[in-house]
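What follows is a set of notes on a single structure, which appears directly below.
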Amino acid sequence: MWVMSRLEVWEERTEWWLVAAALVFLGAYATPIIWPQIPADVTRTCHVVVLITWVIFWIDYAVRLGLAEDRSRFVRRNVIDLVALAVPMFRPLRLLVLLNLITVLNRVGLHTMRGRVATYTGFGSLVMILVAGLAITDAERGAPGSMIGSFGDGLWWAAVTVTTVGYGDIFPVTAAGRVIAAVLMVGGIALLGVVTATLASWLVERVSTENERVETATRAQVEALADEVRALRAELATRSEPPPG
Amino acid sequence: MWVMSRLEVWEERTEWWLVAAALVFLGAYATPIIWPQIPADVTRTCHVVVLITWVIFWIDYAVRLGLAEDRSRFVRRNVIDLVALAVPMFRPLRLLVLLNLITVLNRVGLHTMRGRVATYTGFGSLVMILVAGLAITDAERGAPGSMIGSFGDGLWWAAVTVTTVGYGDIFPVTAAGRVIAAVLMVGGIALLGVVTATLASWLVERVSTENERVETATRAQVEALADEVRALRAELATRSEPPPG
Amino acid sequence: MWVMSRLEVWEERTEWWLVAAALVFLGAYATPIIWPQIPADVTRTCHVVVLITWVIFWIDYAVRLGLAEDRSRFVRRNVIDLVALAVPMFRPLRLLVLLNLITVLNRVGLHTMRGRVATYTGFGSLVMILVAGLAITDAERGAPGSMIGSFGDGLWWAAVTVTTVGYGDIFPVTAAGRVIAAVLMVGGIALLGVVTATLASWLVERVSTENERVETATRAQVEALADEVRALRAELATRSEPPPG
Amino acid sequence: MWVMSRLEVWEERTEWWLVAAALVFLGAYATPIIWPQIPADVTRTCHVVVLITWVIFWIDYAVRLGLAEDRSRFVRRNVIDLVALAVPMFRPLRLLVLLNLITVLNRVGLHTMRGRVATYTGFGSLVMILVAGLAITDAERGAPGSMIGSFGDGLWWAAVTVTTVGYGDIFPVTAAGRVIAAVLMVGGIALLGVVTATLASWLVERVSTENERVETATRAQVEALADEVRALRAELATRSEPPPG
């Protein structure tokens, strides 16, 4: 029987609380970016909420590190978590926790490999565009020479970038913006790759099903035949002995 | 025997009428966009024709919904139809009905999976570029700062966008134009994916045919052999019994 | 025995003459584009040579059409040839004859499917960039607002376009230039697709070779076994009969 | 037994010295590019170090050519080395020696085909972006109309180019810069292809594992069965002979 480690028990129990924290973080992070003319005290509240979720994620990370059996392996495997927690610029990466929402979709009944890949890709792309749009608007608005004046511009830029179209009507001019863009471009290449690979895998399978009219012999089938022959031999042995009697 | 549902009978019977309605819609939609200097009453007639085809598509949707056995499933499966009917900006999506024209091509003799995929991709890309070119010209011409002055510009922009080249000589500046662009970019990624996947599937098959000189044993073959052995055993049983006599 | 049709005999015999004609055409077509300050009479000579090769290609097409058994099928299968001959703007397409040079490479020893695909792709891309660079320089130089002043600019533009990078420092402004660009973009998508598909097919094969330690039973093997059993049964029949004697 | 040729012995022994020389070259090549305000004598020292590593690579090439059994084949197989040594503009290609560092990663335990491909791609892309960023900054800074003022700009341009996004905020204006860009674009297409192919190969395998619940009969299995039948026949022969006695 497969017993869950204490780390896995913790991760399963806290999963939904972290998704909730990420959604709260998303709201508090997005509000002052989408509506910059918001009253100053709302903005301040939002910053406090962002800080609180940040502390929650740190506590979760610390507990998980404490529960892990092989700690150096845990740190290596969760480098992204650490980066997202430690570097203020990568705060939006914390939203990747939202990918856990996909488990709900899985329960709805996507049991095939390709179905899961397609769901992750679609949902992940939307989260990626949304988060990149927020982050770039946050990083660029107000910078000298910036072309991004609103969240709409940020979203549009994210869509143009992730699809590798790159018109050049909007491009980041700050160092933080360029780092966000580089991450998004890598995401775009991965997106293209996943879409193509899923289609190719589907097509390879369909075509091979079409071609294969020949069913290959199974191992079980040959084993049954071998049993038959062995029985025949045993029978022959018993039948052949009486004659001398 | 497979009996068609009433919904399928309706869809088969109305198929060509809808394609005809879509072609009429295309003409009436495209005319004032391609020739903006057309007399005002021609433009008005076009708008009326567009409205009539819109009503026809609504009626068709209502009848299909009425005939469907599982209505909530029907709505879920035909979300694109509903969006194309309800949101004025997505009117051009109604032209997707033109994809039914491919069934003609299928009758000409494309029976393989890959042949069908290639035909859909080629025809679908052309329809997509044409429709996107019309829609962006409609949305952008006359907008302040717009770079699209004619249908030719719109077509050129659509080709540059769908191939993800994205020079940036022309890009949408209105919200409606950006939405059209986002849809087209997703289409471009899908196009790239389908082209690559079709080629990969073809090449995987060709290479595996080249490598395979070994024919694998079939299930039928092993079954025939098992019959042979069983017959042998039966024969042995009948032959071995006489001796005691 | 497979007998060549008269059309195939003609095509094999003229193959090298056509490649030679295409090379002469390339030289005569490229010279006034690459060196626009060339003396007027050299330019005139080049135009005459281009005209002569054009007539040669027309004669070849006519002879092939005359020799074809199914003429309407021949026309359908050679649409590109006809377009390249009839439309002045598509003259450079005649250079596709140069792809026959690949047969030389094939003789050097590329016998695998993938080797041939890779060779065609590499050589075809180079020809495509070269030809597109010449054609765009021809079409755009001197046009109002044009950004292409030399063959070097044209080559650079072709490389930026075929890889779908599309900086937008140079883009066509004439209708002819846009048509050339559209053809090149389609070529770029095909190029990306072929590169990816070749790599994917290679990797799928390598990985499946790595995984497969199990050799599947062959048809011949099971047939030999069936022969053995049949012989056993025959022997049993002859041995079992004597006892009563 | 497989005996190493003298060339292979040399290559294995010098491998790490060449990697060290490449790292020294990287430092000496990069320093004046990244910090252009460096004192003149440091710059001069760097140039001398670059020259020394260049001589070392020439000596290595000469020794390997001397040890090779088939010299014309050696030259053909190592064209890139020769180009990197002979053409000053391609000096950075010498950094490709750094790819040998991957053998360290291999020792850490990447034994699967796909693991190796992924490692080469990731590491190779980083080296490619770094080297292209250095080379373009070297080639473009100070050129009239150049948009690249610092190594940061160069890196940003390399990332935008290799992912085929191509905003067009920065593009090369010198001939050397355009050649570097063309090489990087080809690298970008290859990168896209490798990422997609690796994903596709992984997915094809996972899906085929999912589908295959049937284990095919193995050759060994059928052979064992044939032995059984042959034994049966032999036994029958010995048993059937006594009766006449």
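Letters are used for the chains, namely A, B, C and D, taken in the order the chains are written, and counting of residues starts over at 1 for each.
Keep this in mind: contacts are C-beta pairs under 8 Å (C-beta built on N, C-alpha and C of every residue); 3 or more make two chains touch, one makes a residue touch a chain.
Quick caveat: nothing in here was measured; it's all calculated off a predicted structure.
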If a chain touches chain A and chain D alike, it appears here: B, C
Chain B onto chain C, rotation angle from CA fit, given as a multiple of 5 degrees: 90
Homomeric contact chain B-chain D: same or different residue positions, threshold half: same
Interchain centroid distance [CA atoms averaged], chain C/chain D, Å: 28
Where chain A and chain C are represented by their mean Cα positions, the distance between them in whole Å: 40
Chain B, residues touching no fewer than two other chains: 164-168, 192, 196-198, 200, 204, 216-218, 221-222, 225, 229, 232, 236, 243
Chain contact graph, described as a line, ring, star, complete graph or other shape: complete
Complex interface listing, chain B residues touching chain A: 112-114, 117, 161, 164-168, 171, 175, 178, 181-182, 185-186, 188-190, 192-194, 196-198, 200-201, 204-205, 216-223, 225-226, 229-230, 232-233, 236-237, 240, 243-244
Chain C residues touching chain D - in the complex, by the definition given at the top: 152, 156, 159-160, 163-169, 191-192, 195-196, 198-200, 202-204, 206-208, 210-211, 214-218, 221-222, 224-225, 228-229, 231-232, 235-236, 239, 242-243
Chain A partner contacts - residues on chain C that touch it in the complex: 164, 166-168, 196-197, 200, 204, 216-217, 222
